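Both complexes below contain subunit A, partnered by subunit B and then by subunit C.
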Partner chain A sequence: MAQIFHPSTNTLSRVTIFGALFLIIGLLWLLAQINRSPYVTDVNVVRAQPVPFSHQHHVSGIGIDCRYCHKSVENSSFAGIPSTSTCMNCHAHIWTNSEMLEPVRESFRTGRPLRWTRVHDLPDFVYFNHSIHVQKGVGCVTCHGRVDLMPLMRQAESLQMEWCLACHRAPARFVRPREHVFQMDWVPSIDQQDLGEELVRKYNIRVEQLTDCSICHR
Partner chain B sequence: MKWNLKIVELIRPVQRFKTLKPFKSFKALAMLMLLAGGTTTGCRQQMADQPHARPLEPSGFFDDGMASRPVPPGTVPRGEEPGELLHPGKIAGKSAEQLPFAVTREVLARGQERYEIYCAPCHDRLGTGQGMVVRRGFPRAHSFHDPRLLEAPASHFFEVMTRGFGAMPSYAEALPPADRRAVIAYIRALQLSRNVRLADLPPEDQEKLRSIK
Partner chain C sequence: MTEPVIDKPTASATHDVIGPGHTFGSVTDKISVIVLTQKTPQGWWIGFGLSFLLVMVLFYAITYLLAAGVGIWGVNVPVAWGFAIVNFVWWIGIGHAGTLISAILLLLRQRWRTSINRFAEAMTLFAVACAGIFPLIHLGRPWFFYWLFPYPNPMGIWPQFRSPLVWDVFAVSTYATVSLLFWYIGLIPDLATLRDRARHRFARMAYGILAMGWRGSAIHWHRYETAYLLLAGLATPLVVSVHTIVSFDFAVGIVPGWHSTIFPPYFVAGAIYSGFAMVMTLAIPLRAAYRLQDLITMRHLDNMAKVLLTTGLIVAYGYLMETFFAWYSGNEFEMYMMANRLAGPYAPMYWALLFCNIIVPQVLWFPRLRAHVPLLFIVALIVNIGMWLERYIIVVTSLHRDFLPSSWGMYSGTIWDWATFVGTIGLFLALLFLFIRLLPMISIFEMRELVHTEESERN
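Moving on, here comes the complex of A and B:
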C-alpha cells in the first residue's frame, strides 16, 4: 500500500508549525503598531479649521503669551479656547479686509461662535486638569510639543494611557520650574533628572499616588 | 363630605392602573427593554464620548448652539464687592492714588507677569507703546512715560483696563480686579524706572551707578 503523504510533507508540517508561531507574533506586533500609529492616535494630523490659525505666527512671530488666549489654563481644568472678542482685540484693527478672517468677523457680528475642530480630545472617561499640571511645573511643550513652530495645530503626542503613565510614573524626567512653564524653548541648565527630583520635592508632587486609578478615572 | 369625593376622583386612575394584569405589563416591559437594548448598543465607543457637555462643546439644546452659557450682564463675581468694582480705587468719589492693598514684591511680580501677557503685545515690555502688535499696524498705544499718564491717578488705569480706551478693548475678562491693581503697581514701577532722580535712590544704588560712570 502506498504512503498517503509524500516525505516532503514532514518538512512542510514543520515549517507550518514554526511559521504559524511567527505569523501570530507578527500579527500581534502589527496590531500594536497600528494602535500606536497616527492612523489611530491622529498624531501630526492637521485638521480642517474654519480659519487656518497659525500658532507659529502668533507665538513666534508676534510673541504673544499662551495665556493671552488660553486664559483659564492656570485655574481651570480647561485651558480655554479664546472667545471671538479675543481675536477681535487685535483684528478689529489689523487685517480687517482679509478674506481668511471673514468667519471671525461673521462670528463677531452674529454672536454665533466659531466651530473649531478639536485637536486634543481626551476620552470622556478621563479626568484631566490643566491647572494642576501648570502649578506643578509641567510645561506646555511637554504635552503639546513646539506649538510655536506649528503653522497649523496638530497633536504632538499620542495622548494614550501609556503616554500619560510615562510621566506619572517618573515626573522628575519632565517637570520644570513654574516660571518657565509657558516658555516654549526652555532647556534645563543642569541635568534634567537632578533638577526634576529637586522640583518634585519642592512642589510636593506625591509620585506614589500619581499612578492610582482614581487620579485620572474618577 | 364633598372633599372626600374629590380625593376618590383623584385616586381612581391610579386604581385603574393597578388592576392591569401584572403578567401583561411585565411582558410589555421586557419587550421595551429588548428594543432599547437593541438600538443603543453598537460598536461605537460610547464611554469615550458620553452624552454630557464639556466646556465650550456644541449643544443642540440652546438656540445659539453653545453648551457653555455666557455670563448674564451685570453679574458680580463672588468675593468682589460691587462698590469696589463700580468705583475702582476711589475714595469718597475722588480718584485716589493708593491701591487697596500693600504693594509687596509678590504683587509687583504678579503685576509684571500679567503685564507681559496682556499689555506688552501693544504697550511693549518697557511701556513705550511700541509693542509688536502696534508695529504690525495696530493704532499707536500710549506710552506710560507720557506726562499725561505720569500724572494720571492709579484709578485711571483701572478704569481703562476695565472699560477700554480708544482702540484698546476692555481687559476686564482677562484681568480680575486684583490683577488689574497689580498691573497698576507694575506700571508705576515702569514709570519710576525712567523718571527717578539719582538723589531718590538708596545710597548703595547711587554708589553703584556712580561706579559705572
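Moving on, here comes the complex of A and C:
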C-alpha cells in the first residue's frame, strides 16, 4: 500500500509539537507585556486638553506651589482642580490676549467650567485618598513623577494594583519627611530604608493594615 | 433501536469476558466497521440530532446568562449555590468511573475492564467538559475566569491558596489533562488500525495524523506499555483526590450539613457510584444497538452491577453516619438541619433520594435480577437521578435555613437553570454520539490481546 504521508511529515510533526509549546509560552508572555504596556496603562501618553497647560512652566519656571491650585490635597480625598478664577488671578493681568488662553477667558465670562481630561483616573471601586498619603509623607513626585519637568501632563506610573501594593507592602522604601512632600527634587540625605523605617514608626504607619482589602476597596 | 435483548444467564455467558468463536480478525472487523462504514445509521442521526438540539439550548442559555448575569438563575441569599454547583458535582462524579476502570482496574489486572474502558474514558472526558462549564459560568464575570490561576498578574496578588475552591481548579484541570492523555494514548494503536483500514483518503489522513506514525513495531509497543502504565499510576490518586477536594468545597465551610469529616470518602464513593451508573446507562443501549453482546458480555454487566451495589452501600453508610452525627453532635444547628432535611420543605426530595440510592439498588443482590438487562438499565437510570438529588439536597437544604430565622429562604431552579442543565446533558450525549461514530468505542487491540489470552487459557 502506498504511503499516506511524505517522509518530511516526520520532521514537520516534531517541529509543530515542540513549536506549539513555545508558541503558547510566547503568546502568554506577549499578553503579559501588553497588559503592562502604555497601550493598556496610558503611562507617558499625553491627553488632549482644552488648554495646553504646562506644569513645567508653572512649577519649575515660575515656582508656584502645588497647593496653590490643588488646594484640597491636604485635607480631602480629592486633590482639587483649580477653578477658572484661580487661573484668572494671574491671567487677568498677563497673556491677556493669548489665543491659547481664550478657552480660560471664555469660561470666566460664561461661568462654565473648563472640562479638563482626567489623566490619573482610578477605577471606581478604588477609594483613594490624597490627604492621608500627604499626611504620612508620600511625596507628590512618588506617584505623579517629576511634573515640574512635564510640558504637558502625563501619567508617570501605571496605577495598576501591583504598583499600589509595592508601596503598601513596604512603605519605608518611599516615605519622606512631611515637610518635603511638595518638594520636587528632594533626595534622602541618609539611606532611604533607614529613614523610611524611622518615619514609618514616627508617623504611626501600620504596615500590617495597609494590605487589607478594605483599605482601598470599601 | 430494536427491542432490548434479554440475555439468558447461561454458564458461559456469565463467565466469559468475550463471546466464543472470536478471532483477531473478527474482533477488529466488528469494532472498526462501526466507524468505517460509509453509511451512518438512521438511529444515530436521530440521537445526534436531538442531542444537538439540546446543545443549542445550552448555547442559548449561556448567551443569555452572559448578557444578563446570574440573576436569571434561582440563586439568591441565603441559597447562593444552586444548580451550578449541584450539576458541577454531579458531572464530576460521573467522570470517576472512567478513571477507576482505566487506571485502578488496569493496575489490578482486571481483564473484564477491556471492553468497557474506552467509552468509559470518553464518558469521563465529556462529563468533565460538562462539569467544567458550571464553575466558569457561575462566576459573576466569567470572562475573568483566568483570575483563578496563579499567574504574575498586574494586581500583584495570588489566589487564596487556603481555599478549597482554588484546589478545585488544580484538581479538575489535572484530572481533565490526565484523562485526556490517558484516553488518547490508549487510542493510538487503534487509530493506526483505522488508518490502515480506511478507504477514504480524508479518513486515512485524519486517522494517520492522529496515529502519530504508529507502525506497531516492538519498540512502539514497549514505549506504549510503559507510558500507559505510568499514566495509570498517575491517574490512580486522581480517582480519590478529585472528589475529595470537591467535598472540601463543602466540608471546609462552617455550615451545618457541610462541615463534616465523612464528606471526602462519602463523596468519592458517591462519585464512583454515579459513574458506574452512567457507564451502565450508556453501555446497555449501545451493546443492543450495535449488537455487541459478545464483546460487552453478561460478565461485564454483572461485575458493574456488583460495583454499583458495593459503592451504593458505602454511600448508604455515609447517609446513615451523617444523620447519626447530626444527632450525636448535640449541636442544635446540626440537629435542626437534619430534622429539616427529614421533615422540612425539601423532605420529599430527601426521601426520593434515599429511595433511588439505597432501596432500588438492593435488587442487585440477586444474581437472577442482575442478569435481567432492562432492569439493570432502569436501576442505573434511577441511581443517576438519585445522585443528582443527593447533591441538590446537600447544597440546598444546608443553606436555605441559615443560623438566624430572619435569613431563611426557599430555593428552586428557574427555567434557565433547567435549560443549562438539560443543555449539558445534550452536550454530553452529542459528544458521545460523535465519539461512537468517529472512534472505536471498544479498544480493538486490547480485545485482540484478550482473544489471545483467553485462547491460551482454554488450551
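Heads up, the rule we're going with is that the second predicted complex is superposed on the first by the 212 of 218 C-alpha atoms of A that agree within 3 Å, B and C clash if a C-alpha of one lies under 4 Å from a C-alpha of the other, contacts with A are read in each partner's own complex, and residues count from 1 in each chain.
In this section, a residue touches a chain if its C-beta (ideal position, glycine included) is under 8 Å from a C-beta of that chain, and two chains touch if they have at least 3 such contacts.
Remember, predicted model here, so these are calculated numbers, not experimental data.
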Between subunit B (first) and subunit C (second), which, if any, makes contact with A:A2: first, second, both or neither? neither
Quick check for you: in the superposed arrangement, does A:N35 touch first (subunit B), second (subunit C), both or neither? second
Touch check for A:I190: first (subunit B), second (subunit C), both, or neither? neither
Return the chain, subunit B or subunit C, that is in touch with more residues of subunit A. B
If we overlay the two complexes on their shared chain A, which of subunit B and subunit C does A:C90 touch? Say first, second, both or neither. first
Now for A:S158: first (subunit B), second (subunit C), both, or neither, which partner does it touch? second
Between subunit B and subunit C, whom does A:A48 touch in the aligned arrangement: first, second, both, or neither? neither
What is the contact status of A:A166 with respect to subunit B (first) and subunit C (second): first, second, both, or neither? second
For subunit A, which residues belong to both interfaces, subunit B and subunit C? none
Which part of subunit A faces subunit C closely enough to touch in the complex? 1, 4-5, 9-10, 13, 32, 35-36, 158, 160-166
Which part of subunit B faces subunit A closely enough to touch in the complex? 45, 47-50, 52, 54-56, 58, 64-66, 116-118, 120-121, 132-133, 136-139, 167, 169, 173-174
For the complex, which residues does subunit A have touching subunit B? 62-65, 67-68, 71, 76-78, 80-81, 83, 85, 88-90, 92-94, 111-113, 115, 123-125
Would you mind writing out the residues of subunit C in touch with subunit A in their complex? 151-157, 195-196, 204-205, 208-209, 212-213
